[in-house]
Amino acid sequence: MATAKSALRRENKAKRLQRVGKLARGKFVSAANVAQVLKRVIEPGDILCLEGDNQKQADFLANQLASLDRKDLSDIHLVMSCITLPAHIQLFKKGMIRQVDFCYAGPQGTAVADLVKAKKFPVGAIHTYNELYARYYIDLTPRVALIAAAQADRKGNLFLAANTEETPAIVEPTAFSDGIVFAQVNEIVDKLPRIDIPADQVDLVVQAPYPMHLQALFTRDPAAITDVQVLMAMVALRGIYEKYGVQSLNHGVGFNTAAIELLLPTYGERLGLKGKICKYWMVNPLPTMIPAIESGWVESVFAVGGEVGMERYTAAHSDVFFTGRDGSFHSNRAMGQLAGHYGIDMFIGASLQIDINGNSSTVSKNRITGFGGAPNMGCQPAGRRHPTESWLKVGAEANPGPGSPPGRKLVVQMVETFQSGRVPTFVEELDAQDPSIRKALHGVAPVMIYGDDVTHVVTEEGIANLAACRSIAERQAAIRSVAGYTPVGLKRRKRDTEELRRRGIVQFPEDVGVSPREASRSLLAAQDIKGLVRWSNGLYDPPPQFVDW
Amino acid sequence: MEKFTKAFPSKPLKARTTKPWALAGVVGSGNLEVLLERAGASGTMECHVETSIPGYKSSWLAALADFATHYPAGGTKVTIHDQGAPPVLVNLRLRQAYDHLTGGDK
Amino acid sequence: MKKLTSRALLAKLFGTSAKDVAVKKSLLTGYAAVGTTKVCVIGTCDGTYVDNAAALHLAAQVIDCIEHHPKMPIVMLVDSAGQEPNRVAEMLGLASYFGHLLSCLELARRNGHKLITVATGKAVGGAFICYGMFGDRIYALDSASVGLMPVEAMSAVTKIPVPVLTKLSKTMPSLEFGAQPFALLGGVEEVWTLDDGVAAKLEKAIATASPVDNRAELGKKRGGRKLALDIRKKVLTESAR
Amino acid sequence: MTRGPLFHEQTARQRIAALVDPGSFDELLAPPERITSPYLAQLGIPVSFDDGVVIGRAKIGGRKIYLAAQVGQFVGGAVGEIHGAKLTGLFKAAARDRIPCVIIIESGGVRLHEGSAGEIAIAETMRAIFECRALKVPTLAVICSDIGAYGGMGILSTCCDFRVMTEHGRLGISGPIVIEKWMGKKAYDSSNRALVWKTSGGKTKYLLGDADALVHDDAGEIRDAIARLLGKSSPMSLKAVKARQAELAKRLKRFGQTQDADAVWKGMGVRDIEAASLASGPEFAAMAKRGK
C-alpha cells in the first residue's frame, strides 16, 4: 500500500472526529447531542452538503443546524439540491452562509425571492441536478455531508428503502475525499433488509426523533384532471406519441401527463397503440400509472425517487420496477437523471412560462424556484449516438446540417395557454429575464428549458412543431399560433398560422384526428384516487390527505 | 362585473332542426354558461357577455369572432354568464351549445 | 328589555294552566289551556340547540297528543339558536330526526290538529325549520330574533362587506334580521307584543288558523317577497299545458 | 374497466339527460325566459338562467315524473327565492297531477345572499312535499354528489318518501366546517375527508336506514333505483310514526355514546371495514347484510 505524501485532509478529518469525543459512542450520536456534534465537526469555510431534494429531506439534521448560532457556524459554502424547509431559510437569515449552490427551491421559492431582495442570498449558481452532482466530484466536494436514511445497523451500514434518491451521489464524493458523512436514520436495527451504503462510508449516525420528511410529490388525484387536460392528452397521444412511435420516455409531475397515463388503457387501447408506445419509463412510481401497468402497457420503470404509498405496489411488481434483493423498490436520482438524459425518446413536461422563442421558466420576481430534473431530461444530449425510430424521425424533420447529429430527442412542453387566475403562460419575455434576477445569478437568467432544445409545444389549441421550423421568425409564429387568446397569441397573423398549418408545423386537434367534443374525463381509466386503489387490487396505500373513504 | 355586447358577421345557421335554444355549461368558479338562441338577423351572431372578471374584453371578442368565422352561426343570439372561465372553455361551451342547437350528434 | 324566564313566558300565554307544561333541558312539553281552548304545547326555550334526543322528545309529545287528544290544537314555541352542530348528532342522522318530527306534525295536521307557532326568542336556522316553520300559522314576539342570520354573520360567510348588505337590506327585507322583516316576507303572520294581550291573540289565532300555506301570498302582498308566488304560479301554469 | 361518465361529476342538465327516457324532458321556466336572481345581480355576483335548479316533466321507463336537479356549481346549489319557488311549484304540480316527483339534490341549503327568503322557500317546499305524500304521490330525493344535501335541504330530503344515495353523496344539516368550528379541530377535522364521509356519507346513511338505496355512481344504476322506488310510497300513519319513533330512539341509545362511525358500521353488520370502505353500491350493501 502506498502512503500519501501529504494527507492534510485526512488529518483534518481525524481531528474533527476527535473533537466529537464522548458525544458519540462509536459512530452513534444521541439526538440530544447532535447540535453539539455539528458545532464540532463543521469548520468555517467548509463546503457543507445538506441532503434534500424535492421529496426526501434530512430534516432533523437541518433543523439542528438551524438551531445553532452564527458564532457556532459561519462562513459556510452550502451545497444542496433543494431548499425546501423553513430551517434552510433560517441558515440564511442567521447569516451563516457565505455561498450557496443549489438546484431547486419549490416550497421556499417566495422566501428565496425575499432573501434575494434583501441581499441575503449569496448564490453561486442554480444548477440542474446532475450538474450539481457532477460538481461534487470537481470543485464543490463536500467536507461534511448531512444525509438521511431509513435504517442503520449496529455497524453503520445504511438502508435507504424506496427513497435512495441522491444519497449515493452525495456520499461517494464526500467519503472518498476524507469528508465526514453524518446520517440521520429513522431507526437502528440489528439486520438491514439490504445494504445501500456501506458502513465504511459513514462516519456518524443519529436515530432521529421523528421520521425523515417525505413529500408525496407525484400523487395526482385524477379527480382534479379537467376535460381540457384530457383534450390536450388526446392531442399529444395522437400527434406525438403515435406519430413518432415513442418507446421510452419521462413524464413530468403535472396533471397533463397524468391524463396521458390514464388514457393509455382506454383511448390508447382503442387506437391500437398498446405494445407500440410507452414501454420503457424513467419516472417515479406514479400512482396514475397503475392502470397502464395493470393493463400490460409497461415493460420497465426506473425512478429517481420513491412515492409515498407505492411501496407495496412496487414490491409486488418487481418485473416492472427495479427492486432490491429484499424485494423492495429502488431508486437513484443521479442514475435516473442520466438515464433520462441519454436513454429516452421523449421528455414531456409543463412550465409556468414560455416565451416566444420557446424558452421556459418557473421563476418569477416574487418566486425563485429553479429547476427540478427537467433540464437534464428536457434537452438534446449532444453525446447521444444510438438511434431509435423516434429519434431519427424527429431528426429528419429538423433537417440537420452537415455538422449536426442525425436524430433528435423529443422535448415537449405541454401547457394550457392560461394558468389559474387567468395568468397567461405565454409571454413575450420571461420573468426570469428580470435584471435583478440576472444580476443575482451573475448574468445568467434561470431558463429551465431552452427554446433550441424544445421540439414541440402542445396546448389546448394544438401542437407547434418547433423542430420543423426553419427560422426563429417561424418558430415565433408557430408558438403564437398555439398560444390561444393570451396577448402573445392575439398577436398572431392569420396568414402565418394558415401557412404553418398547411406545412404541418402547426396542427389543430382535428388535424391529428381528435374531436374536442370527445374530450371528457369519462375517458380516464380511473377518475379518482379510489379508482387507482381499486385498479391496484388494494396494493396502493394513498397518503391520508387523498383518502375520502 | 363587466358587461358588453357585440354582433359578429357569420354565415347563416344551417337550419337542420327547429330547436329554438340550447344551453351549455354552468355558472361556477372557472366556468360559464352559454345560451344560444335562434334570433336576430341571419348574417350576424349577436353576443351578450356578463363576466365576473373584468379586463379581458379583447380576448373575449377575439374568441367570439373566431367562433363566428369558423361556424355558420348567423341568426343566433349568444348570452354568456361567466365566472372566470378560461378562453378554451368559452370555445368548448360555444361549440357544445352550437351542436345541441343544430342537432349535431350530441 | 329584561329577558323573561320561560316560566313567566308560559304564564303569559297559558295563565295558571302553564304549570302542566314541563320544562326539561330547555324543552317544553305538556298540555295547557289558552283561554278556554285546551292545547298541546311543544317548544324550546333559553335559545337551546336542538339535537336528536330533543327532536324525539318533542315528537313523542306530538304522538301522544294525536293518540289521546284528537284534534287538539298544538302550540309550538320557538326559542332555539339552531340544530346542535355535533359530530355524533350528524353521524346518527339528525336530519332524519327532524324529518320524523315534521312527519309527526304533518300527521297531526292531517288528523285535524291545528298547528300554531309562536317565535318567542331565537328562531333561526335548522331549529326553526324543524318544527316552528311548519305551523299552519306562525307568529312572533317583536322581541324575537327571527330570520336566517344577522347581516354580520351573513357577511362573514359570503365575504360581502356589512355596509353593502345593510344598505341592500333597506330595499330587500329578506336580508334583514328580525320578526318585522320576516313578517314582510310572509314568514310570520303577525308580530305580537308580549304585554299586549298575547293570550287572547293566541286564542284568536287558534280559532282562525287554516292549514293552507299562505306565506307566499302574504309575502307578495306585503312586498317583502315579490317573486315567489308568481314563480310558483308560473310553474303550475306551464306544467298544466 | 372503462365506463360512462360518473354521475357525481355531471352537471344537472347532463344528469337529467342521462336519467330520463331520451327526448322526454320538457323544461319548465326554461333559460330563454331569463328568470334570474335580482339579489345576486345587486350584489354583483353572476346570475344563471335557471337560478341553480333545472325543473321539468320527463319520463323514466315510460312513466311520467316531475323532476328537479340542483346545480351544485352555482352558489353551492343553494336555495334562493326563485330557486325555492320553482321547487315549491314543482311539488305542487306533482300533487295536482298525481305524478311522482324526483329531486336530485346538490345543495348546501339556504342561499345566504338572499337571506330569509330562501329559508321560507324551503319550508314551503316541505309543505308541498307533504301535500304529495298525503295523496300517496311518491316523492324521491337523489343525493349523489360531494356537495350533498345539507342545511335545510338535508332536512327537506328526509321529508320525501325515499332517498337514493351513492358513496359520494352526503346527507346532513351542519357542514363539516361548522362542526369543526363548534367542537374544535381535535374533535372533528373538517379536512379529514375520510372522517367527513364516514360521518355523513351515503354508506353510513344507508346502514342506518336513512338512505333507502345505495347504488353505484352511474346514471343507469340510479335510474333503476328510482324506477324501483317510484311505485311505492312510505305510509304516514300513527302506527308508522310510532314505529319510527321507536327505531330512532333505539339508534340513539345504541350508538349515541360513540364518536366512531366504524362502531356503527360494525353494529350494522359490516365485518371487514377496509374492504367495505373500498366497495361501492350493492356490493357494500351485501357485505353489511352478510355480517348480520
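By letter and in written order, the chains are A, B, C and D; residue numbering begins at 1 in each of them.
Everything that follows uses one rule, which is that a contact is a pair of C-beta atoms (placed from the backbone, for glycine too) under 8 Å apart; a residue touches a chain by one contact, two chains touch by 3 or more.
A quick map from chain label to UniProt name: A = Malonate decarboxylase alpha subunit; B = Malonate decarboxylase acyl carrier protein; C = Malonate decarboxylase gamma subunit; D = Malonate decarboxylase beta subunit.
Every value quoted in this text rests on a predicted model; they were computed, and no experiment measured them.
> Applying the touch definition from the top, give me the chains sitting in contact with each of subunit A and subunit D.
B
> Measuring from CA centroids, which chain ends up nearest the centre of the complete protein set?
Chain D is the most central one.
> With contacts defined as at the top, give the pair, A-B or C-D, that has more of them.
C-D
> What is the distance, in whole Å, between the centres of subunit A and subunit B, each centre taken as the mean of its C-alpha atoms?
That gives a centre separation of 42 Å.
> Where the centres are mean C-alpha positions, what is the separation of subunit C from subunit D, in Å?
24
> Subunit B to subunit C: how many Å between their CA centres?
Distance between chain centres, rounded to whole Å: 47 Å.
> Quick one: report the Å distance separating subunit A from subunit C, using the average Cα coordinate of each chain.
61
> Spell out, as numbers or ranges, the residues of subunit C touching 2 or more other chains.
Within subunit C, no residue touches at least two other chains.
> Per the contact definition, I'd like the list of subunit D residues that touch subunit A in the complex.
Subunit D residues touching subunit A: 1-6, 9, 167, 191-194, 196-197, 277-278.
> Please output the residues of subunit B touching subunit A within their complex, sorted ascending.
Touching subunit A: residues 30, 53, 56, 58-59, 62-63, 84, 86-89, 91-92, 95-96, 99, 106 of subunit B.
> Could you pull out which subunit C residues touch subunit D in their complex?
Within the complex, subunit C touches subunit D at residues 52-53, 56, 59-60, 63, 66-67, 83, 85-100, 102-104, 106-107, 110, 125-126, 128-130, 133-134, 146-149, 154, 157-158, 160, 164, 168-169, 172, 174-177, 181-182, 185-187, 213, 215-216, 219, 224-225, 227-229, 231-236, 238-240.
> Of all residues in subunit D, which touch subunit C in the complex?
By the definition above, subunit D touches subunit C via 28-29, 35, 38-39, 42-43, 55, 57, 66, 81-82, 84-86, 88-90, 92-93, 96-97, 110, 112-124, 126-127, 130, 133-134, 149, 151-152, 154-155, 157-159, 171-174, 178-179, 181-183, 187-188, 198-200, 204-205, 208, 210, 236-238, 241-242, 244-245, 248-249, 251-252, 255-256, 258-259, 261, 264.
> Using the touch definition from the top, list the residues of subunit A that touch subunit B in their complex.
So the residues of subunit A in touch with subunit B come to 227-228, 416-418, 420, 422, 460-461, 484-486, 490, 516-517.
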